[in-house]
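We just call them A, B, C and D in the order they show up, numbering each chain from 1.
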Amino acid sequence: MNTFRLVISCPDGIGIVAKVSGFLATYNGWIIEANHHSDLSNGQFFMRHVIRADSLPFDLAGFKQAFSPVADQFNMTWRVTESVLKKKVMLMASKDSHCLIDLLYRWHSNELDCDIVGVISNHNDLRSMVEWYGVPYHHIPVAPDNKQESFDKVTQLIEDNNVDCVVLARYMQIIPPALCQNYAQKIINIHHSFLPSFVGARPYHQAAQRGVKLIGATCHYVTQELDAGPIIEQDVVRISHQHSIEDMVRLGRDVEKMVLARGLRYHLEDRVLVHGNQTVVFA
Amino acid sequence: MNTFRLVISCPDGIGIVAKVSGFLATYNGWIIEANHHSDLSNGQFFMRHVIRADSLPFDLAGFKQAFSPVADQFNMTWRVTESVLKKKVMLMASKDSHCLIDLLYRWHSNELDCDIVGVISNHNDLRSMVEWYGVPYHHIPVAPDNKQESFDKVTQLIEDNNVDCVVLARYMQIIPPALCQNYAQKIINIHHSFLPSFVGARPYHQAAQRGVKLIGATCHYVTQELDAGPIIEQDVVRISHQHSIEDMVRLGRDVEKMVLARGLRYHLEDRVLVHGNQTVVFA
Amino acid sequence: MNTFRLVISCPDGIGIVAKVSGFLATYNGWIIEANHHSDLSNGQFFMRHVIRADSLPFDLAGFKQAFSPVADQFNMTWRVTESVLKKKVMLMASKDSHCLIDLLYRWHSNELDCDIVGVISNHNDLRSMVEWYGVPYHHIPVAPDNKQESFDKVTQLIEDNNVDCVVLARYMQIIPPALCQNYAQKIINIHHSFLPSFVGARPYHQAAQRGVKLIGATCHYVTQELDAGPIIEQDVVRISHQHSIEDMVRLGRDVEKMVLARGLRYHLEDRVLVHGNQTVVFA
Amino acid sequence: MNTFRLVISCPDGIGIVAKVSGFLATYNGWIIEANHHSDLSNGQFFMRHVIRADSLPFDLAGFKQAFSPVADQFNMTWRVTESVLKKKVMLMASKDSHCLIDLLYRWHSNELDCDIVGVISNHNDLRSMVEWYGVPYHHIPVAPDNKQESFDKVTQLIEDNNVDCVVLARYMQIIPPALCQNYAQKIINIHHSFLPSFVGARPYHQAAQRGVKLIGATCHYVTQELDAGPIIEQDVVRISHQHSIEDMVRLGRDVEKMVLARGLRYHLEDRVLVHGNQTVVFA
């Protein structure tokens, strides 16, 4: 079933819901999902509607045109997407395969509603697995002295494929600032700690050192500041003195996979609204 | 801040949200919380709005009168409550104090928005603790041969206090059918198992016998069928072979307390909508 | 690092630990993991040691011979296994791939310490995925009128491969009693409910019907009574009114995968001791 | 049932378990609980035994004397405690009552095995609740200009009561270095964040600012460095954009209570072994 997803953020006020739902009712729009959030701490209002496309008399361009005056009236930041127009996703990975293969599997079994247009890796290890899924594999090595050149190639590939969303599925390289900026809120990373604890390298070693009793993973949008972007999803798993760092890595893999898959799903279904460095997630 | 809570259930259709939000906008109602749910499996629609009372030009009676025509048009089952009119709650307990005292403490620290009008117990053990909280304690023994008489007294107390909600905080007696019926969806029980597993007596013993790896608790509305009413909230805690039945009872107490407190909170804030034997909980 | 795993169950008494650890110390055995459990409710004692093989002067046969007198003295039920002698595992699946592929992936990335000798399925759908992992795929259809014949083939395959452990990774057929008996505590099933709730077919539909707030999965040894064998591991995930049965199936898949992978891991590492219909799991 | 708890930490090696269990068997000691941990990363060995006191021919002093040679042989750090000799606990609180009352309730219902010898607070608000439990209440105000004097009184009270363990149940003052040192591994704090995130003041505000999706609490031993001591127990609860800081405070209270109660229980039962800044918790 094709649907429109109308996602809105604006200063809170009287009559917004009435106006939007009135607009939809005018055109006999059949709402199958609706979420609202009034943030009383900053006066911002957030809204997401899912409407059956076949209930409305217009296509995506028509929807945009018809809705624009309403949006202008309330000074809305807004977007409308159509579910049949799947987001084009580029996956990036290094040598660890768990997040990458998990996403490919979920996509292959129709759990993730997107087109995966390719995998970029700085290593060649995961080629065979990826190609089993029929997805193009791009091996772009990143050496300390060729970073600029490598990321030029990465950027080119992203642009050539009209990518809507880049997923860093344990891609262990730092993304250059220009790419971060040009794809703001379009690059999703999984960090293997419960942020803001243990930013940067070897978070499980940091966790073992501090002696925490739970380890976690964080899915967030990438910004220029390392591991500091808006958080989409997090989760944890219990550990104890019994667990070596190898055990933590093993247990952490499952948390990373789950958190990234959930976070990406929210993103793909337009459930995430960013406001400042925080997110509203209509899960 | 005084608020109205408008809670609606009706057959799904086009224009319901528009009509309701249009109604609220007409009167300049300031919506601070809104939830919607379309159940695609049975075509039922559920909605809850919280509106600042000071933004509307009418009182509770006026609200009801003004909204009635809208409700009639869509064949709504609905209610509107006013947050300053706190629900009157009667607690019932036996000898175990953990759920009872937990609720009294939460009420005393303004976490539960209600008036606790009394505690009824078939034992006298908990009197001193209850009276410290300034709550009347009614000792109504229940012997096998005086059940009718005892529950006549219980019913009288409930009626005399204009009780809106009865909470069975580990009250180990079966409630007579008439009381269940007259207070349908107003009597809340905590059962110390993850229902539908381990209905009836000694659920922790049943759980130990079956060798489960998690034990739980269930908060539900009481119906005439034992432990079979609509479920409001559930949770579990992990156990292992290390845990004796005494340990399970101890760990279970915390789950019971938490689940009952959450379930009651949802009920008091009109977040629970019953449909058939299922609930929509706008948590 | 090769290790011996010594797993013991016997009536509790004074001096058992001293005797066993004395035995190990006599031969300079280097214990790297030790677990004990005294079940005070039934007077049974359980113990598991992991000992570095290179610290002991004998091989597996020698270990057995040397330890036998100690075992006899305390009337022990015991086994000793050697970690380099990996258990031979036969996976069985139907059309759903999530559990099967998850196990293959974990095995392929050295997370599960076993030899996967083959996959048996009553359908041919998963052949390509399985064969990518280099594992033989046996398609043995099961029609209502050829069950005996089909399971004769299954049994033959299991015997021909000297299988130590059969994993029903969402194999939707009932295992014949003879196979259950001959491979007691060697056939592991994943059931997609939190047992003992929702035994049998379509547990997610049963769960939706009852309106539970958590759904779960159970990994257990298969016995002749359906879904009633000793439980190895369980877990749950929270759901709400928002979740359709399709959502429950999707969320449930992740719980099933995790629970089966953990349960199988415990079994492979000889962490599970069965006593009656209960398990001691030294996780 | 009176028990001895023998708790040992020493450099790992061959024959330690044999020696200790041999010692216990020599005297016919009935072990009802035994835990071992070999930390392969640092070569340290940890062990805890619970032995029925009535099975041994000596009292606590006799136990110590008899065991000393064994301990010396393996260079053990060790202690033995007797369960009937309950630890004397001083609780310290400020204005928030949730942790304090939770501990008093658990103690009163025999869930915490200790003597609570008093409550020290820098405010007088909680006197009545505490005195209902029959526990002495000491009001020692702490003003910016009288800290030294106040903590002299606190220290005096702790010493006069022969306190074994001090619990900071949301006591919002920083403990002076001398007290930290003199009661090393005897002062337990609950911090209302998932450490090491959000050290110091107003952690829920910090958490809201960062936009995390889970909030937590940490129970740890107090050292001179703020919120940096060895962690005993942690847990988290899920939050979303719906939750205001007030909601986070409310939800956090339950996590704080549970984490502190579990951590204190582990400490009272001698289940916690500190090594460097990490803990082994035989839960």
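As a convention for this text, contacts are C-beta pairs under 8 Å (C-beta built on N, C-alpha and C of every residue); 3 or more make two chains touch, one makes a residue touch a chain.
Quick caveat, the model's predicted, so the values are computed rather than measured.
Asker: Which contact partners do chain A and chain D have in common?
Answerer: B, C
Asker: Between chain C and chain D, tell me the centre distance in angstrom, where each centre is the average of that chain's C-alpha atoms.
Answerer: Roughly 37 Å, centre to centre.
Asker: I'd like the Å distance between the centres of chain B and chain C, where a centre is the mean of that chain's Cα atoms.
Answerer: Here the centre of chain C sits 41 Å away from the centre of chain B.
Asker: Chain B: which residues touch two or more other chains?
Answerer: Only 40 qualify.
Asker: Take each protein chain as a node, join two nodes whenever their chains touch, and name the resulting shape: line, ring, star, complete or other.
Answerer: Looks like everything touches everything, fully connected.
Asker: Which residues of chain B touch chain C once you look at their complex with the stated criterion?
Answerer: Touching chain C: residues 37, 39-41, 46, 194-198, 210-214, 216, 230-236, 240-242, 244-245, 277-281, 283 of chain B.
Asker: Chain D touches which residues of chain B in the complex?
Answerer: 97-98, 101, 105, 109, 111, 128-129, 132, 250, 254, 258
Asker: If we count contacts the way the header does, which residues on chain C are in touch with chain D in the complex?
Answerer: It is residues 14-15, 17-19, 21-22, 24-26, 28-36, 38, 40, 55 of chain C that touch chain D.
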